[in-house]
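You will see subunit A twice below: alongside subunit B first, and alongside subunit C after that.
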Partner chain A sequence: MIKKFFLVAVIFLFYTCSSSSDDSPEKKKEDSFDREAVLVNVADNIIIPALEDLSQKLVALKTNKDAFIATPDQTNLDALRSSWLSAYEVWQHVEMFNIGKAEEILYSFQMNIYPVSITDVEANIDSGSYDLTHVNNNDAVGFPAVDYLLYGVAADDAAILVKYEDVKYKNYLSDVVNQMDALTDEVINDWTTSYRDTFISSTSNTASSAYNKLVNDFIFYYEKGLRANKVGTPAGNFSANPLPDRVEAFYNNEVSKTLTLEALTAAENFFNGNAYNSSSTGESYVTHLKSLDNSALESLINTQFSGAREKINELENSFSNQINTDNTKMTQAYDALQLNVVSLKVDMLQAFNVSVDYVDADGD
Partner chain B sequence: MKKVLIALTAFAGVCFTSCNSDDNDGGEIVINNPASYSFERDGVSTVNFGGQTTRIAMAEELVSALKDNTKTEEDLDGMFAHVEGESDFSEADLNASNKSIRSKTAASADFFSANTTDANAIKADFDGYIESQVADVFPNWAVTATAGNAGQLQEAGGGSIRYINAKGLELNQAFAKGLIGGLMVDQILNNYLSSSVLDAGDNRANNDGDVADKEGVSYTTMEHKWDEAYGYLYGAEDNAAVPVLGADSFLNKYLSRVEGDSDFAGIASTIFEAFKLGRAAIVAKDYDVRDKQVEIIRENISKVIGVRAAHYLQTGKTALGNDYAAAFHDLSEGFGFVYSLQFTRKPNTTEAYFSKTEVDAFVAQLMAGNGFWEVSSETLDAISDEIATEFGFTSAQAAD
Partner chain C sequence: MFFTENMKLNYSKYLEKKASGASLAVFRIGFGIMMCISIIRFWSKGWIDTLYVSPTFHFKYFGFEWVKALGTYTYVLFLICGFSAFLVALGYKYRIAIIVFFLSFTYIELIDKSTYLNHYYFVSIASFLMIFLPANAYFSIDAVKRKKEYLYVPKWTIDAIKLLLGIVYFYAGLAKINSDWLFKAMPLKIWLPSKYDIPVLGTTLMQENWFHYAMSWSGMIYDLCIPFLLLCKKTRNIAFVLVVVFHLFTRILFPIGMFPYIMIVGSIIFFDASLHQKIIDFVSRTFNPFKRKWDLVTRKQTAVKPVKKLAFYTVVVFFAIQLLFPWRYLAYPGELFWTEEGYRFSWRVMLMEKMGVANFKIVDAKTNKFFYVDNSDFLTPLQEKQMSFQPDFILEYAHFLGNHFKKQGHKNIQVFVDSYVALNGRLSQPFIDKSVNLYQEKESFKHKKWIVPFNDEIKGL
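And now, the complex of A and B:
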């Protein structure tokens, strides 16, 4: 309400000012930009390569998981943890693309909902009977569940290894990892067999076109998945007190910064059209903005990405430690991330003449 | 919100003059319309709606308790039909009160004084929500719900857990949103703002003569009745003279939600101004102006119910298929607002925008078979469109 009122006031001011100078009517440049070129670059050089890399990392995770289950010792646990982190880093390049099959099966809801519900995980393990795809298990699967299973089920590594003498824990770990791999295959297969062509040709300016949905997915991810989930929520920006146990990879507790920086890199690369696997650069929101003679906004957004990176770099590797020792640095990182929410969601979408397709939940 | 109201009331804080040709003396009545809802006689406030504030507080506790699976049916019934002195609530003041929610549910003078049959059926609906919540939902608190089976369902992405009956309905939402109509809207529009209540007995003569309602109070009966209507909307506000909205979980909250939709912005000040001017008109003994405000309030409060009913049917429709718990939550709120439609009031008539028969037919469509588990988008659109058309807006306007 307050925001809307503010917006109305701003529009009113703008209107009042602009109507006084009617000798220089504003000429808006017509948007004849080739939107398909962006979709082709994004599909072929970003989304599909990132998914393929994720798939490879998950295959490695599966292999290490099988070895660990066969022989639950420290060596195998270390290898398994290492492959979990590698896959989790790549995941940061995939989560924002909630489109096509990923949207249909709520892929990200089955891969990275945190905080994990220990109650649900332990109940599933105990019963040995569960449907991991069921919506009630969204917070009992994926990377956060594996984080808990590899770092949080007991107080130290020796005790964790003891847990895996129990076949129920082996089974749950195995099922969760296999499920992550299967879901990822399902999403890739859809891209490579049919969805890519549907995607690249869906360029109209409508609420359901791939172009509009993609840009909305990107901004939604930046605002919610990156800014809020990784930084704002644990820093307490949406609650009475900080919530240090809400950080990503809480049980590992050393990589929340790594994952956040990776996610920021993914957002920057996507915005700039940088290929996932190489240093080449293609059509992107940057070229779209330039075609509209709006280089100023493009450079502002990139400057703000860099500013956010500087602030995040000042944080400890463990965000929960950071919150407990000096939460001001966390809120400063949040504030730096927030700048681009406005530039992307308001200024860039206005330049593209695209509507925002999501609203904040009404909270009741 | 606060800023908007203050700005508008600043404009309104001038004397309102009405030329009233019907008046016996043929003269001009000057209405002193204050900037805020504050009225005094000899330096003493004449505004009083403590009973409404109490009932809103009781309803808040009851609605919370409906989601506490340790409560018994007796506990919840006690909160619904409180008896003075019983320890039904956590607050001593509420326990000491002689007010009850149930006795004022479907209890307006205009709609139910000569229709106890419908009134009893409606009270039985609310009793039934409580009974079924305890008998069917509480025992399945930890069970995953499926079509035809009560239990819990979590919103996608690790969201809120919703506790639903076999048809996907959250009975606590049906109760809470139904109560907005059955208690607040009915009491405001069809009871306290009715001429049968405002002008009952010698109310006009006593108001004309500034005769106090009873010994020890500064207000006339008519003033008090008007304030009781006001209290059902603004009674939970910290400073009800200058409402900021969002102060309760009932009509006050949902007025702020409708105000927040740009298609309906301005409705909050329309309602507030009508309440204030009507009250000022009573002080000035100008009953024509008072009655005009009644019709403005009837139209706009009714619209709040219509907009939220259509809104939740639309948002629920969108979520169906990919996030059942979120969809069922919206549809359950929508269900309650649809139920509330029978308590709305078309201006200048004695009818609701939708009769009980029409509402019952909507409910039957929503609850057919396995209810929300299988309700179609077409059904939701049809009901939403019918509601929107009757009120003169569109489903699309209500959806955002």
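And now, the complex of A and C:
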């Protein structure tokens, strides 16, 4: 008798499945949103071009580094510094994509963990033997390490040049830069050879799908990498006192604003689906929200991006100077950035109803 | 006068009515086995560790702050719980087994309210009810041991289980009578389209606007009617098919674990005793090594298994509470879905898509210096998620933070929260008054005045 019931139940279930397709009236916007189109746009017009640009900038950095090591003079130092900054700016467009090979090899942990640990860097230089990929060296490599090596190893430029008479400093600078370039190549090769296809077809609503991970990565980056690391932490939002030495590119001390604005642009471009190196626009979270009839949220988020930009524009080029002179402006910028944490993390996630990657338990 | 006499007569007649012990036995075995599987499943998924052992902080139910996690001994607790469920299924030392099960299971649930689920609550109260029912009268090891098997039990003991199941469905149906559910098809309008992965249905039905409404309305009607359809002999078969279809459907759509199976197995109680007897016969044939009917008890008692009057009165009081408790929300001002004052323990299932963020600010009242808290330093992702949109969690956590930083040597501590919550697809709005020092506020059953009022209206029950 029980068996019969189950049989009937299963038949009923199949019946509901098969009878669905004929009698739906209009099919226009009711079809499921094309998530693959977003992933294609993000991969082809944002991630891969940004990585390629970064790779080019790092090659330039390498060339200038080689010239500097061969002849450590002021001209070569200036050239090296400027190529470091161009690469650092492009990096802001890459950091949020902690997915695929980047996630596997902990790419961003080896590229931009700051504050740099001077102790670790100097210890490495001194010993001359080190494993730059080791997790303990995450705060002794990447852009922040180069920042220190080019601006912080001595009090002024003349003294810095003197430092590079020592082959140990030359070697460490060289190894760090080469490592950054090698890591970037590894990530980019994976994208162009195989990962792109995996990425664009991974659209299911599961915790491990590329679409869902990308949303989570983006929000995590905005909240942590951008809002907290670049602005909140140095402004003292998470500590008893401000920590001006925690700003990005502290030893250069003139570009923390530039880098933050660049990162904000990257976040905005990603959200809107703007291509990295052209003015074209493709499928994105904006079109996804529109397909859900939620243009109100889309325009709110963009308004809040602009609001945050205005507040950041009011800051000095050097965030550490800003913190020391008038930290309230810094915390205002943080508050402006915080608004979109709410809109992205609560409203957008609810609208997409993405399965989040970290909560594993039964629901009601 | 005549009427009350008649009532009294009916009442005592009802108490004397008898029913087959097989019905209770089937429920007992089904319940025991489902619980045993639930515990094993929970264990195998590693949730004992992630939910109870590794978190350093647990959210407590008001009045049950004394319930503590037991560290690695929590595994022992689960072992006891699973084992007692097994004994319940066997009907061995039934009364002690079901009491131990009720206590251990409820203790586990009380450890942390961020794991609250309606179906865990159902298990707790169902096992409590079963303490007072003679579920070991028939087809149990107890019967074998006492060499006495009762063929009959008082009818009310079976009706009690039916009533409990009926309350769960009916109240779940009542809760669906609100404007969000019926006229906005919320939150199904958010949830169903996100199931685009499901073969065939995912990109078709799940995306259809009319389907969201159809599911909302039929879900409401289903919940309200199903107890009566199951009770009525004519409609019982089709009702059971509906139960199976409905629960399997929800199983496909939502991560609700064992609940659908528990409800399907539980609903078997509504059938006639003859079916229950067949199930018992089937079980006894299957598990008897000699492939004969398991008939170890020669002394069959045609008398009804006696049940103490006190047990009956306890069950009456139990149901009075069950019927009234879900209405306690009426005593609170404000929107129930927003404040959640009186939301739990009321069979409000799958009614809300609610998300929030809560940023806690620790302020030194003298110097006005402040800093924000990184919630992931103290809470698991599940705890943070639950905390972010439930006021009682927010208050408890604020106190925890205040105490924590006091211990660290901070002075003049004030705790504020900047929080936003989005409910059923509405744009997020401020949730807690951010000018209120939560460290000063006390938990109570009174209305929490520091919840910012909901700026919309949800009509209905």
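The rule we apply is simple: the second predicted complex is superposed on the first by the 323 of 364 C-alpha atoms of A that agree within 3 Å, B and C clash if a C-alpha of one lies under 4 Å from a C-alpha of the other, contacts with A are read in each partner's own complex, and residues count from 1 in each chain.
The rule is short, and it goes like this: a contact is a pair of C-beta atoms (placed from the backbone, for glycine too) under 8 Å apart; a residue touches a chain by one contact, two chains touch by 3 or more.
Computed from a predicted structure; not experimentally measured.
In the superposed model, A:216 makes contact with neither subunit B nor subunit C.
When subunit A is checked against subunit B and against subunit C, the one touching more of its residues turns out to be C. With both structures placed on the common chain, the touch criterion links A:55 to neither subunit B nor subunit C. By the document's definition of touching, neither partner reaches A:92: not subunit B, not subunit C. In the overlay built on the shared chain, the residue A:297 is in contact with subunit C alone; subunit B does not reach it. Of the two partner chains placed around the shared chain by superposition, subunit C is the only one that A:351 touches, whereas subunit B remains out of contact. In the superposition on chain A, A:109 makes contact with subunit B only, not with subunit C. Of the two partner chains, subunit B is the only one touched by A:138; subunit C is not. When the two structures are aligned on the shared chain, A:124 is found in touch with neither subunit B nor subunit C. On subunit A, the surface patch touched by subunit B in one complex and by subunit C in the other comprises residues 1-2, 5, 359, 362, 364.
The touching residues of subunit A, when paired with subunit B in their complex, are 1-2, 4-5, 104, 106, 108-109, 113-115, 117, 134-136, 138-139, 359, 362, 364. Residues of subunit C that touch subunit A in their complex: 45, 47, 50-51, 115, 117-119, 190-191, 193-197, 200-210, 237, 240-241, 244-245, 248-249, 254-259, 275, 278-279, 349-350, 353, 355-357, 359, 369, 371-374, 381-382, 385, 410, 418, 420-422, 425, 427-428. Against subunit C, in their complex, subunit A makes its touches with residues 1-2, 5-6, 8-9, 12-13, 16-18, 20-21, 24, 30-32, 204-206, 232, 236-241, 296-297, 300, 338, 341-343, 345-347, 349-356, 358-364. Within the complex formed with subunit A, the subunit B residues making contact are 1, 3-4, 144, 152-159, 161, 249, 256-257, 259-260, 262, 265, 322-325, 400.
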